[in-house]
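After the structure tokens below, expect a handful of questions from me.
Residue numbering begins at 1 within each chain, and the chains themselves are lettered A, B and C in the order written.
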């Protein structure tokens, strides 16, 4: 296990570097810059700003500068510390270029906990709803009830989430006023956005788990258990569920990374100050420093969850050997 | 789908009759595909989904032929009309062909339409939008973009994703490692960065007349991000098959690699690919909607379901709800995606393959 | 058969995970649940770009910076004329090259320090310094030596800024600048607190730039002080007890929420969680809102227009440009697309006039007029048009309303001139980039005034203006603008501006389409909210009316509007001074409402 994690860590470094490099060059290649606006800056002002953020340097130098805590000023590699960036290796992403008096670290430190709070709640709801629906419908496959549950589950996956969210607001905040329309700060604010965020995932989990359940239920060892006289519910809960969890877990890995880093649509409709907004806004505003920050966060999340999934596999299916898989 | 033997009966045959046939066929040994088809045919929901999807594709392909109002014709005097009562409302004789730059085939169809129906157009059966454009016409024309996006994603998934995954799974070792790490990396780059890069770089006005239309770029973008999961799924399945008892047995019996590929691996992978496709398509259609929400969608006056849904959702508010603006594209989308997922579920049940190795 | 040990382990891991997540959620939310609602809550679009007055640009930034800081002069919210801010008086030399300001004796910073003339010298030096990168610095280049300093050719010693004593500031200009006071009302020219700024610099040598505007560090001199800042969520302001007119401020706490989506802001307003919303209201909703008493649409000094790329044939022919401009039926756009009372624009100056200035108007803005012009440009027959006139691309940044307008304009061109138009939308930054490089045919734009003066609009069309972006150059135009700039008396500037604007309309490098209205949804119980052409109500003057005053105001107000309930405190909330006056007037019978709770 530890050798597996070590190799993973190595791969993580390489992958993150590659992701950062791609994100860096892709965003710089897109036209426009962080300081273009409806009112064009006076050339001297723009030049001053670009110099302040080292955008006047050649690209390779900017790239190195972004990567590490290197001081590449004319003062030399080991110049003084009055630099605007720390660099990614120092985990200091520098000031945001769009919000010039906010550091990327601060913005992420404020928004990530919110996204994680909301996201984990949504994942919880999705798991409960999704697995519940799957268990119920797998007990009577093909029945009218099964069909109904599947239809309900599918409903979360057939509409864009902004439509679902707008409908939820209209119904549960105005027609049946039981939840606030938007905002963040009190527990009651979480309900609607978490639900809106959870529904598509619940639908997906329900489908995956149902298929997994049905497949496991047809396996030999279930038949053996049945023959031994185990009760149907014991079979479903003890034996089949574990089999059904494998596809769910493999889906949840990447999905969790996405959910926990925030969803722009949900955040915008419910006015939630989460991190999802930063992903899109940094790209749209060419906020290069913020973009680097969210890229690193996302890469870490994706990689962390994928590793967690692989570890979870061994728990679910002891036949798998991580040493070999790595 | 070349592995499917010639079909004798249509998909639309009588269910009871089929059931009997299936019982009969049960008696003989069947190939995976044949068995799957029989199981599929027995399910009404799958049949209906397939009929619906085929109908929808026809409808959207033939959109220029239908006596609908032009989807781009602005008439501010008729802005935000609710669906007309009595329904269906009588049409009017004021059709004027107003479209964006259509392809030659579509242009032909439009002229055929004018000679068939003249100036007659249907009434505003589903109401009109803020600029007085007919919602029904926009939903029908919008289906073209959404279906094309889906089709394009399907093609890239198939061509790039499946072969990438198969290559990785079959070669194993270092090649596998490199290929899959590339997929890992692309997975970890926030998609929106790639989208904005592709949209803005390919849309650069400097490219002059040669520049791709927004729609074409759009297809590229969607294709570029949709093949990754397919590559993973296929690789996982290929790996599992390679290790499976029957392939090992075949190898032990001295079967050649091409034989094993075509006889054992390909048919098994194909099922999974088809199932995965029916899962990719809905997510791609929803992704298009997300991009439209961000304002990065298709170029007006063209329409797509995502654009219509985004416009409609914006019009949802407690003061004045133009419910039909969101209901029309919403229902169209919901029905299509539901049909796709029903089909996918049916296929999966029929082929009884799971996504065990999707990661 | 799977063994049970891993299953148990799994169950434990999952259970632990769930417990941790739930605990984290509850904690995270409970920690923040203690905040009470502010006396006044408003939204102003997304997160502010910066709280540093020298780095900030834009309307929401202005709202909060004007609440936190106060410049020498402030705009009267009713007339928009410069009125004393933290300067109680000033004098202007006869040659309009020297301004002398006297600061209020009672002007204080939010930490109690007295405000001194030296603070302005230091702040403006920072504003002008090249490394600050302040967008609005160029507006102070009229100060002696400022331009050289700003462009790095000279030091700060040569600047025409001097503190004659603690309370007297002298500003010497290199050229006569008659509307300097108007300029100084702008929020970029407020003072900064040097001592706190420099101590932050010392404490955080590398990250001070993102530290000094934090609530715990920022010292300001306006009616409010910064209490809390949560990015993308809210700014909490608190009445500053040291403000010289603190007695006249009613609101004790103010929240500015950053909300990107207009419909979310509307929902919050309708449920009483927000008291003032302004923004781009979806035109669909406008008719419904216009019937309500709490919706105010007031003429606003902003113009929506299309730029024409004058370097591309056939758009290099002024007749073609004029034809395109005349063919746009503006009234249809304002009445049927926008609906909130926006003005059809036939001049580049919004609403055809600013103060006493009357702008010339585009002649013959009718289909016939457009067609005449087009024929003159040798595109006489429909066939010639179809063959020779290329299709024109309308370029705009992604937005529902821009798209609707572009589609209608394309429709008009097709109808009137037979010109085919395509639409191209781009996301904001790519759009700006393409516009700056002149990679467009016709491109959407807008311009909002910083201060009410026609020069503010007309100066963007001079040859060397970075905001011209059409390739259009006219020497006569440049000369007229330069002459107008130097004139002191408005009466002698207006004719020069009018001549220049006539040239602009004749040459038509732009197609003015409509003049803006500000669209505010304001709780009916809110008093002191003055509508003005810059949409700059003063937060320091806002108060909550009690039910008596609200009834009286409703009787006076426009008839036939639908009443909506006020979410304000029923007993009102007034400034200490107003409450005391009320108490005096009513002889103590009328309850004083200083402490009215929400």
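Everything that follows uses one rule, which is that a contact is a pair of C-beta atoms (placed from the backbone, for glycine too) under 8 Å apart; a residue touches a chain by one contact, two chains touch by 3 or more.
Remember, predicted model here, so these are calculated numbers, not experimental data.
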{"item": "Chain closest to the assembly centre - both centres taken as Cα means", "value": "A"}
{"item": "Chain pair showing more contacts of the two, B-C and A-B", "value": "A-B"}
{"item": "Approximate Å spacing (C-alpha centroids) for the pair chain A, chain C", "value": "35"}
{"item": "Separation of chain B from chain C, taking each centre as the mean of its C-alpha atoms, in whole Å", "value": "44"}
{"item": "Cα-centroid distance, chain A relative to chain B, in whole angstrom", "value": "25"}
{"item": "Residues of chain C whose C-beta touches two or more other chains", "value": "263, 267, 270, 427, 429-430, 434"}
{"item": "For chain A, residues that touch 2 or more chains besides their own", "value": "30-32, 166, 174, 284"}
{"item": "Residue list for chain B, restricted to those that touch at least two other chains", "value": "196, 200, 316-318"}
{"item": "In the complex, chain C residues that touch chain A", "value": "1-3, 6-7, 9-10, 13, 18, 21-22, 24-26, 28-30, 32-33, 35, 47-52, 55, 57, 130-135, 137-138, 150-152, 205-207, 209-210, 212-213, 230-233, 257-261, 263-265, 267-268, 270-271, 273, 427-434, 436, 445-446, 466-467, 469"}
{"item": "Of all residues in chain A, those that touch chain C in their complex", "value": "30-33, 36-46, 48-49, 51-52, 81-84, 86, 95, 98-103, 106-107, 110-111, 113-114, 116-117, 120-121, 124, 166, 169, 173-174, 180-187, 189-190, 221, 242, 268-271, 273-274, 277, 284-286, 312, 314-318"}
{"item": "Contact footprint of chain B on chain A as seen in their complex", "value": "11, 14-16, 18-19, 22-23, 26-27, 29-32, 147, 150-151, 154-155, 157-163, 166-167, 170, 174, 207-208, 211-212, 214-215, 218, 246-247, 250-251, 253-254, 264-265, 279-280, 283-284, 291, 294-295, 298-299, 302-303, 306, 309-310"}
{"item": "In the complex, chain B residues that touch chain A", "value": "45, 181, 184-185, 187-190, 192-194, 196-197, 200-201, 204, 282, 286, 289-290, 293-294, 306, 309-310, 312-313, 316-318, 321, 326, 330, 333-338, 341-342, 345, 348-349, 352, 354-359"}
{"item": "Chain C to chain B touching residues, read off their complex", "value": "263, 266-267, 270, 282-285, 288-289, 332, 336-337, 398-400, 403-404, 406-408, 411, 422-427, 429-430, 434, 439-440"}
